[in-house]
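These are the structures in question, set out in turn.
Below are two complexes that have chain A in common, paired first with chain B and then with chain C.
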Partner chain A sequence: MGEYGAFVITDSDLPTWVGSLLSRAQVIAPRSLAGSDVSYDIVQAPTDVQWDYQTSIAPLKRFLFPPSDQILRWNQRNGGPLQLEPVYDETDRVFLAVRPCDVAGVLVLDRAFARDPEDIYYARRRQHSALVALACTQPGPNCFCVCADAGPFLDRGYDLQLTALTGAYLVEVGTEKGASLLRGCESLFEPAPEAALADRQRLALETESRFAEDKAYFAAALRKITFNRVPDDLWRAMGELCLGCGGCAFVCPTCHCFTTADCGQQSEGCRLRLWDSCLYQAYALEASGHNPRAERGQRVKARFLHKLSYQFAQKLGAHGCVGCGRCVTTCLGSNDMPAVTARIRRGAL
Partner chain B sequence: MPYVASPCPFCGCGCGLYLQVADGLVIGTAPSPAHPVALGRLCVKGWHAHEAAANPYRLTRPLIRRGANLEPAGWPEALDLVASRLLSVKAEHGAAAIGVLGSPRSTNEDNYLLAKLARGALGTNNIDTAARLEALPGLFDLPQYRHLTRAGAGLAAIDEADLIVLWQTDPVEEHPAAAARVLRAAQRGVPVIEVAWRSSQLADRAALRLAPRPGSETVLAGALVQAAFRHEGPPSPESEDFAAAIADLTPERAESATGVAADAIEDAGRLLASASRALILYTRGLTLQPQATDVLAALSALGGGDGGSDGSRPRLLWLGRYSNLQGARDMGVVPYFLPGFRSLTDESSRARFAEAWGAPISTEGGLSAWEMLGAVRALVVMGDDPLVTLPDIASAREALAGLSFLVVLDSVLSPIAEAAHVVLPGASFAEQDGTFTSAEHRVQRVRACVPPPGDARPDWQVICELSGRLGRPMEYASPAGIMAEIASLTPAYAGVSYQALDDSAGGLLVEPQAGVEQATATTTSEAEPSFSLDQAAAPETDDEFPYLLAPDYALRSWGGEALAAASVCLRRELAPGRPLQLARIEMSRADARERGLRDGQQVIIRSRTGEMRASLRLNDAVRSGVLALPYSMREDAAAVMPPELHPETGVPLLAPCAVSIHQV
Partner chain C sequence: MENPFLPDLANIAAIRDETADTKTFTLRFLDPARWEAFRYRPGQFAEVSVFGAGEAPFCLASPRQGADTFDITVRAVGALTDALHALAVGDTVGVRGPLGNGFPFDEVKGKDILFVAGGIGLPPLRPLIWEMLAERASFPTITVLYGARAPGDLVYRDDLERWRARDDMKFLVTVDAADGDWKGNVGVVGSLFSQIQVAPAQTVAFVCGPPIMIRFVTQDLLKLGLAEDSIITTLERHMRCGVGKCNHCLIGDKYVCTDGPVFTYRQVKSMMEPA
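After this line comes the complex of A and B, so read on.
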């Protein structure tokens, strides 16, 4: 519980602290959009932060691994030498009041992009970002982080973790980087009293009891996928329920596939890194014209093999799902994580 | 603000999304759970819409043709040239020698100004969009057919339906937002009837699959009405001619004409009769076929535009292919109507617009996009792709080559822009303020969230500049002012303002026909479309030509569109493969086996009129006895399946034809 200590800050002092963060870094926090939509977004003022929200429409990865990202620029003028310039984003960012499931998602990305060779574009952004979680006390109807060891409260991975108490927030400090976010505002933070820590434990237990029943029991699906005991017919049937939008990959906090494209001319251009999805028919298409995953069912199988098999979990240090529930909303067909794990458990649609 | 709400720029569904903006670029999209159409979902196109907005193939400078090349130029030079060429054509040959094409993917404001430019500044009623002919071949905007396309149901009707008929449409390919709703309905147990000779991915969920021989759909439509009527479903057809035409159409007769089992027709009739909230979904797979009016007349006899308030008849839902085709038509980008579907023949409407626009409105009827080609000497095009959308591409290309002046305003170098004398770089949907009106008549705000690249300018500013050079200055501070003018002149848009749109959740639904009945004297009764089975049969096959070659309007149909082609991922994902540079023909595995043909093989297709080479692809979704040709490859098949002029409209359409298939 806060390796670097735990503090409390009153609700009324909170805007002052957020103001101080805004003066030091780009702050990305939940913000209200159209209608009831809330998303992590760049905020300009403490009042922009929507503290009371269930979930963001999109995970944090958009800011660490943007959907379309210039990673290299070149130019060659008048027959001169070709100039190559890698593009790094070293903006200081504080991700404020983000949900534990989304922090857990970033931890999976950290492992994925750190694999040799390290992905320098991601690493630079990540080095310049701090994660301030807001423990979740209001799980949404599609949420199942409890099944994915990713919430509703974090026990690791955060720089700071906030918990809304009555009239104040508990602030758990997880890292030196987290501690640095309090500097200059020390007077706003009091050491957390025992009662506050007890409240946090009570809230964590209460929140866990509020999740809907029967969300996503992974255990059976993990075993069946790991040992290849899911019938091909079931994959094929689930393939027919995939409408190929790719949305599951794009809303997933842990998915990290991309493609690259060189744009422009020799005289001037750029290399783009673009989000890609394993559900796309041309994702695995080879130059020869051969497609090892030509059937939709094969693509669905590949996706869930990467998400849930032990072999892949070992590589990433975690399964590829944090239980955020976004795929339940976004799947154009009906292959969201809870639905798929339930079908695999049953062995039938 | 880094997240900006916008409607998706692609199809007519009108899904809401967010554009993610960083450092002056649109770098991503996100779905909107609160949006009434999107419901937090997007299709592959929506997920990559940002690539279409910020793509490296954007036009950034005006281009002027010098010899064989289009060379960069400044705005004043380009605009002066356009104005002087248009004025000289007008002086020499009259205003009717100029044609104007508006855009199904530009804003209402841009289309309105273009209509004003055409009818006011240039003095011609030759204004249309080629996409209108593709989606609803000209005739449906003719007065006698208007009631067929009158405001039907919206997308939410899919959720409310207790029976869904997919009539010659593949929503998974064409309108995924609709497909998602149909899939969910089917999973809830709502019966789905699929009518198509190439089944869609939803076929597995369908309660009934009716796969008529291509060309025999009219017979099937008539037989279904007859069967439903016999099961005491919808009230009997009002038209005696229609009742007589279908009187003898027993399921058995229909079976021999269509190849659809009599039992299945009976079952479908029973389902239609027992449903209380049936919905018939159709797209260009129906409207582009030569017998479209007959089929629609039959389906209307079942339903009618809004299905009747008591829900006793099925509702019809037409979904268009473009984000703002409906809006372009509302804005008067139709040769026969002023904005708001006010008739050109109505003197008071003409007077109203003449006063508002400060220019007389010609009484000379306008030409459709197709009629313009070959008839006009100068053509002004804004964001339209006649070489992608018109059924007869070869003739269109030939006609364009004969123009003495062609100017194209677009954000990318579309195929028609490559043939232009002057190309003007416009703004994308993410670079200017405005509105789109979706197929279900939902008006939504398009927002400028990044500046146009290079020297490109918002289209409305370009039109204003041009109008001034033509001697009719247009003064607007912003597109909001243009919308205020639209609202004052068009009853359907009377309640539309940017403020009202910003305050709304997911835009405002409008009734496009509002106020039109008083203004136009056309009554539907005297213009009842006839239903005829005369042309209704599938082409005869025989031993020499045993297969039917038919255009597939849905199969990978988005790949060739300018917006999709400009996106890296969409080009890869949606462009139909052209193995060996040949058109692709698809046939079922069983048919191929019978002929000893393999997947990927080169074949020759012969018909009574000619032959073509193609690459064969096996696809079990295709009905036995049919060869499917992706519509985007129709030009390759022109010798085998030449476009035929529709007798009523003169618009060329493709009809299935009998062919043989041979190994090379």
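After this line comes the complex of A and C, so read on.
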């Protein structure tokens, strides 16, 4: 519980602290959109932060690994030499009041992009960001983080973790970076009394009991995918359900496939890195015209092999699912994680 | 921290027409120090940029030793390769590499070496053939079988003549369909196996070509009695980033760009998706 200590801050002092964060960094926090939707976005004022929410419609990924990211730019004028330079984003960012599942998603991305050779574009953004989690006490109907070791409370991976108590927030400090976010505002934070820590434990247990009955049964799927024992017919049947829209990949906190594309000409232009999805028909298409994953079922298999196999868990330090439930909300063809794991366990649609 | 996505700049030193749609580009780094660091082995590849058109992987198609340039051989099949074909000597491109694992060399010393190449599959094998010929005494026999669709599709005609003229190697060529002037063998590359002697227990085969050709030749070699570990191929995939990040080239859990592109048939057989 908070390697660097635990504190409490009252509800009434919270805006003062958020104001201090806003003065030193870009702050990204849950904001209310039209209707009842909430999504992580840049906030301008402490009152923009929506503290009381279930889940953000999109994860944090787009701030650390943007959907379209300029990575190189160049120019070559009047027959002179070509000038080429990388483009880095070193904006200081605080991700405030993000759900534990989304922090866990960032930890998977950390591993994916840090594997040798390190991805400098991701690493620069990550070095300049701090993760302030808001422990979850209101799991939604599609949530299953309890099955994915990703919530509803975190025991690692956060710089700060906040828990809403009555009239105050418990603030667990997980890292030196987290401690630095309290500097200059020390008077707002009191050392956490025993009662606050006891409340946190009680809330964590109560929350775990509030998840829907229909969770994700990973174990059988993990074993069968790892040993390549899922029948091709079942992949084919799930391929029939897939519209190939890529929506599941784009709302997933851990998906990180990308492609690149150039804009402009040799005289002046830039290279973009763009989100991609292994469910797209042309994803594996080769210049020769040969497509090793021409069938939809083969593409669905590739997606789940990457998410749920020991081979990839070894590379990524975790499975590629944090139980956020967004694929359940998004997929029009019902190829979401709980449904797919259930089918693989059963061996049939 | 190094940036694995930042290309080094190179100029086109020479361009040679190979076939109606294929050219070999000889590239030289603008910074000579970069060549020092660009220590590649046969079977490795580079990502080559035409700025404004994009980037694509090409095998390093010339032996490194004694050179300060390297070749890529490119068939015009799409936007990037068309843009590359439109460039001229002196134009600047970007290069990231060397990437991938490369062919075994020291590990196969003392073995009979059999190369089987189909069409545009010869370029990855070309530097290995030359490097083995440069250390000729280390390999009891060296045999090259090369097949193309038609005589006009044969690449590296100078090399082919030099190999044909050597008496310390065996070189056989075939085409699927002959034209008027062709006096050589007609048939798929596998039809050449009847013209050579293979001692399966001491032979290592390097096979490269289109997927269908690799499949048939592998079956031929297994029938001849070669071990699954002794059949070595280089796989083609859409290697977008070349450094194991973008995931485009995955076959199961294997990244063709970093775990390969060179694999033995035993490895290919155990992959979680069809190779």
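Assume the second predicted complex is superposed on the first by the 349 of 349 C-alpha atoms of A that agree within 3 Å, B and C clash if a C-alpha of one lies under 4 Å from a C-alpha of the other, contacts with A are read in each partner's own complex, and residues count from 1 in each chain.
By definition in this document, contacts are C-beta pairs under 8 Å (C-beta built on N, C-alpha and C of every residue); 3 or more make two chains touch, one makes a residue touch a chain.
The shown structure was predicted, so the numbers you read here are calculated from the model rather than taken from an experiment.
When both complexes are superposed on chain A, chain B and chain C end up sitting side by side without clashing. Using CA centres, the angle subtended at chain A by chain B and chain C is 80 degrees, rounded to a multiple of 10.
Look at A:336: by the touch rule set out above, it reaches neither chain B nor chain C. Touch criterion not met for A:172: it reaches neither chain B nor chain C. When both complexes are overlaid on chain A, the residue A:102 reaches neither chain B nor chain C. Of the two partner chains, neither chain B nor chain C is touched by A:199.
Of the two partner chains, chain B and chain C are each touched by A:261.
Contacts of A:113 after superposition: chain C is touched, whereas chain B is not reached. In the overlay built on the shared chain, the residue A:276 is in contact with chain B and with chain C. Residue contacts after overlaying the shared chain place A:159 against neither chain B nor chain C.
Least inter-chain distance for chain B and chain C in the combined superposition, rounded to the nearest angstrom, is 9, based on C-alpha atoms. On chain A, the surface patch touched by chain B in one complex and by chain C in the other comprises residues 259, 261, 263-264, 269, 276, 289.
Within the complex formed with chain A, the chain B residues making contact are 1-3, 5, 16, 18, 20, 22, 25, 27-35, 39-44, 46-47, 50-51, 54-56, 172, 176-177, 179-180, 183-184, 187, 201, 204, 505-506, 568-569, 572-573, 577, 579, 600. Residues of chain C that touch chain A in their complex: 1-7, 9, 30, 49-56, 77-78, 80-81, 92, 94, 210-211, 236-238, 240-241, 243-253, 272-275.
Residues of chain A that touch chain C in their complex: 71-72, 74, 76, 81-82, 84, 86, 112-113, 115, 117-121, 123, 228, 256-267, 269, 271, 273, 276, 278, 283-290, 292-293, 298, 301-302, 305-306, 309, 311-312, 315. Here chain A touches chain B in the complex through residues 31, 33-37, 39, 41-42, 57-58, 62, 66-69, 240-241, 243-247, 250-251, 259, 261, 263-264, 269-270, 272, 274-276, 280-282, 289, 296, 329-334, going by the rule given at the top.
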